[in-house]
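Both of the next two complexes hold chain A, though its partner changes from chain B to chain C.
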Partner chain A sequence: MTRFMDKTFWGLTIGLVVILVANFLLEDWLRFIGLQSMARGAVALGLLILWRAGLVSFGHALFFGWGAYAVALSQKIGITDALLGIIIGTIASGLLAFALGFLLRRYRAIFFALLNLAFSMILYGVLAKLEVLGSTDGIGVKQPSYFGITPEGANAHITLFCFTAIIVYIVALAVHRYLSSTLGAMTIAVRENEIRLEYLGYSAEKAIHVKYVFSGLLAGFGGAVMALAVGHVDPDSMVYWPNSGDFVFITILSGTGNVAATFIGALAFELIRTFAFDYAPQIWQLLMGGTLLVIVMFLPNGLWSLTEHLGKRRKSAPSPAE
Partner chain B sequence: MARVLEVHDLEKSFGGVVAARDINVTIDEGETIGIIGANGAGKTTFVNMVTGYLRPSAGRIEFMGRSILGMAPRRITTLGLCRSFQVPQVFGSETVFENVMIAMGIAESRGPALLAPLFAPARAARAETHMARYQIADYRDVAADALPQGVRKLLDIAMATVRKPKLVMLDEPTSGISVEEKFGLMDIIMAALREEETTVLFIEHDMEIVERYVSRVLAFYQGEIICDAPPAEALEDPRVKEFVVGQELHRSTHGAEETGNA
Partner chain C sequence: MDLQLLIVIIVDGLIYSSYLFMVAVGLTVIFGVQKVLNVTHGSFFAFGAYLAATLIGVWYNAELPAFGGFLMIFLAAAFLGVVFGLVIERGLLRYLYHRDEHIVVLATFAAFLALEDVIILIWATDPYFAYQPMELLGWTDIAGLTFDNYNLSMVGVSMTIALIMWFTLTRTRFGKILLAVIFDREMSQSMGINVNKVFLVTFMIGAFLGALGGAYVAPTISVQPGIGVEVVVLAFAVVVIGGMGSIPGALIGALVVGISRAASVHLLPEVELFVIYAIMAVVLVLRPEGLFAPPQARKI
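And now, the complex of A and B:
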């Protein structure tokens, strides 16, 4: 668990290499799905941190949209660099989470979940009304530049994909490290027993606040990437509450066992949705609902638990009951 | 001997119920204090107030010469006053080892150090030593939820003492434990605390245990301390006999019901 180059490190590294190579072979629409998976996966990674602490948010489209709009607005003041834009989107949402965290840290369970939803609906309402930000039409986002170079045509997405994959790789490793740190272990402490945590000398509310800011940063990052990938931001596809549901869906689909699972789950989610939408446009929601049902009933710990089943089978001698 | 805790004129009422009144206590380094009293006498309330869980209605509390009144439990904990609970407060889904590691990680890290890996080998070694001291090493990989009650009690106390506190308050360490096991359990706890040179105060219903381990008894009755004396003297006190020991006999013949509160 302590070694830096553990299984997760190698898994993520191999994953990065594979998708970087695939990036040059993929068809456009698949590359776009990959980009969306990374963006939504990042948000789900933030939800994973909260989830492990026993908290669910039904409103992280708030931070997703906030980050996306931050990128769009930063372009308006002449910032076209992708890295800078992503940093701005990430930090903007982190700051918002920091501010709201003072209130959210006092709530748990359904109240925490719905308070997030409430804030996301407020932002949605404001954005949909604000003429200067294009109301429900939103605003366009230009292709970003990368350290002074602006790729054109098909290269634009290939570059963004490479760029995003590398950042996502670093972010996933950082979150993995965080989860195995003392601060990360407090997720369990918060979930299992706040009184004991207090009497060990740490504030449960502070621990939740820190996690909340991390989840906000991750959602802002996801939103920033999505803005650049889609080339457009608008309230309905970024902030409206079903977006928040998508993130929770991905978290359940993935399971919270490992950071890599989140991106596998996000990819599965995007693929299922795309195919369901293309091949069964009349009943795609039914298919999504069915998927969720199957996961909850048969794989309550998400897709990641499949790897644990496999791992167990491989062990020769059964270990004594723990 | 250095003064560890000084409590003056502490009061607490919940609506109409007076849970503490005129509480005056001093504790010196190295003492072992036993708190006795019937259910509802205000014993847990006293511990809750001193450790910051409840704010007293009036009074002063000084720990190591400084006022800790109004401080949050986490502040008081970091100053070296820790506690265990009548109902063990542990991380149920985690193993004994993980519980101790998390406790140590939090006790040992501040600021950026909190981002260092929890399962550092040096810390793991300290955790093994600590588990051995409390004789819970045999249950190292068992989830706290699945532990026998006695072991869970020991784990709770082991987690409360990872900081090597100056003073530890144990709320009914032997409640819910069978009579045969009580002495064994107390032997482990007292030996471990002595090794760590921790001053200890514990709440106990069993007078034999009180006689055997404590140097001083505080008897609570209806929110007041009715006796503060060495055990031999305290157990002969007529008011203690009437309001505490008598009640305990009544309690043990009619089967003790355990009420849990944190």
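And now, the complex of A and C:
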């Protein structure tokens, strides 16, 4: 029963309990930050899977926006259930990633990043021009119902928060399990030496395709949650290229060492952004950019590497670097 | 299709291509030499536009000779080229050359975010207008349509830039050194080339060109926050279509993007926003290295 020895499993479980309890005590704006962190964290989790394979996407706002619009559109045809909406958003992005994956799995390095960017900008251009979809104004998203019940006022966000937290918990555990499986372990093999991987009898392209679909599913999920949390979808705040930059930002901020780190990083990102925006609206981007530069220069493995530094000091024995 | 429409598309397309070339050539020079996909290029453009607009305003308020406004455009770009070369290349990038390329892209993205606010701190959020140089040049009738001479002059400026670049790369000592560094950085270093200096100089040239794009366009637009955000992805598209690191590529990429944008504006406005990225995606799919990729050295 290795699962009961797994620190990440316990960390995530305790984290879930803590935020579920906190959810009822928090101010609404903090709850909203929590929701946004979970949504963006999910996208960053998808990027983490790709990152481990040495691939970086500068266009995951594509799947984020696709999932968000899928939720908004499914409401138009009368699907108001939160779970159904999130499933539709996730699957829609997963399918898109599956289709594009046939192309993208052939690309590496900067070409992979830029092809993703191109696709996300195409979606941006289409959405910004389509009158049916509200062009640059976007479309409103109603409060969802949960198995037939539609909570009102503050309860709406409390319910959505609980709901999202539980799904995120399950998803994070699933990704954690995946990364330690054979297919997941191949992620690092793809980055280190593709030719050797092929000689072992695996297909690097197939491995990348699978990862790409996972990352698309996660980004679609994040977009769906974001659409429900914000109550609105529009191209500029969801699909335009700086959004893709934000997701990579969170991945770097968190480091790729652990799935839990991604959500801590996402929370840190949202907190920095909210406080910078509230207290220094003139220089909030300066603070964001500055934070990112400090991380890139001095903490290349992200916030998570701080815990490893501490761990090492406690053990006071050098452990082999990952 | 009637002839007038065709002429409009071609002239508009050429003007737009020239503007794109000015912006994209700096990006491709920096990518070619340093292998850095530089997001701060959007900031160079925005700073160029702001500084030129300010200087032009000062110049005309002092009622100095009217054509000096053009001098201000080049002065602004040259000043910014030197400053950004020192700040971004010496202050940031040189610590990152040994890191993964996407880390470097992200670092320039971070610097780009920060510089967006520096612009607001310096110039606040109100738009700037510097229309005087544009008024000065008047207009021309082509096939019964009126075009601003200022816009047409952009074609000349970018062709001059292209010629100077071609001459420098093929006919001067610095150009030969640059080609050697692009071809094999380590080998040229061991042959006694000061690669750090070459990097700094090319970065300054690249930043100058980016700022010049913004400075030259400034009289034709309202200079306001956020102008760099759109330009930098456009420049990416141009550079990717033409081939990253290739100067003829930037020219071809700018022409392809400029003409197709002009055609879509006049024929099918619905697709205007994404036609460029659709071409970029198609080129990446069919020829990922771009239409005019510089040959890659095979190293053992």
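Here is the rule we use: the second predicted complex is superposed on the first by the 310 of 322 C-alpha atoms of A that agree within 3 Å, B and C clash if a C-alpha of one lies under 4 Å from a C-alpha of the other, contacts with A are read in each partner's own complex, and residues count from 1 in each chain.
Everything below uses one rule, namely that a residue touches a chain if its C-beta (ideal position, glycine included) is under 8 Å from a C-beta of that chain, and two chains touch if they have at least 3 such contacts.
This structure is a prediction, so every number in the text was calculated from the model and none was measured.
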Partner chain in contact with A:V21 - chain B first, chain C second, else both or neither: neither
Partner chain(s) touched by A:A99 [first = chain B, second = chain C, both, neither]: neither
Which superposed partner A:F58 touches (first chain B, second chain C, both, neither): second
First (chain B), second (chain C), both or neither touched by A:L83: neither
Which of chain B and chain C A:A128 touches, first, second, both or neither: second
Partner chain(s) touched by A:L117 [first = chain B, second = chain C, both, neither]: second
Which superposed partner A:L271 touches (first chain B, second chain C, both, neither): neither
Between chain B and chain C, more extensive residue contact with chain A: C
Partner chain(s) touched by A:Q282 [first = chain B, second = chain C, both, neither]: second
First, second, both or neither for A:M297, with chain B first and chain C second: second
Residues on chain B engaged by chain A in the complex (per definition of touch): 51, 72-74, 77-78, 82-83, 85, 89-95, 98, 101-103, 105-107, 109, 113-121, 141-143, 159-160, 162-163, 262
Of all residues in chain C, those that touch chain A in their complex: 37, 92, 95-96, 99, 101-103, 105-107, 109-118, 120-121, 229, 233, 236-237, 240, 244, 270-278, 280-281, 284-285, 288
Partner chain C, residues of chain A touching it in the complex: 56, 58, 103, 107, 109-111, 113-115, 117-119, 121-126, 128-129, 240-242, 245, 248-249, 252, 282-286, 288-290, 292-293, 296-297, 300
Touching residues on chain A, where the partner in the complex is chain B: 1-2, 177-178, 180-186, 188-189, 191-193, 195-203, 322
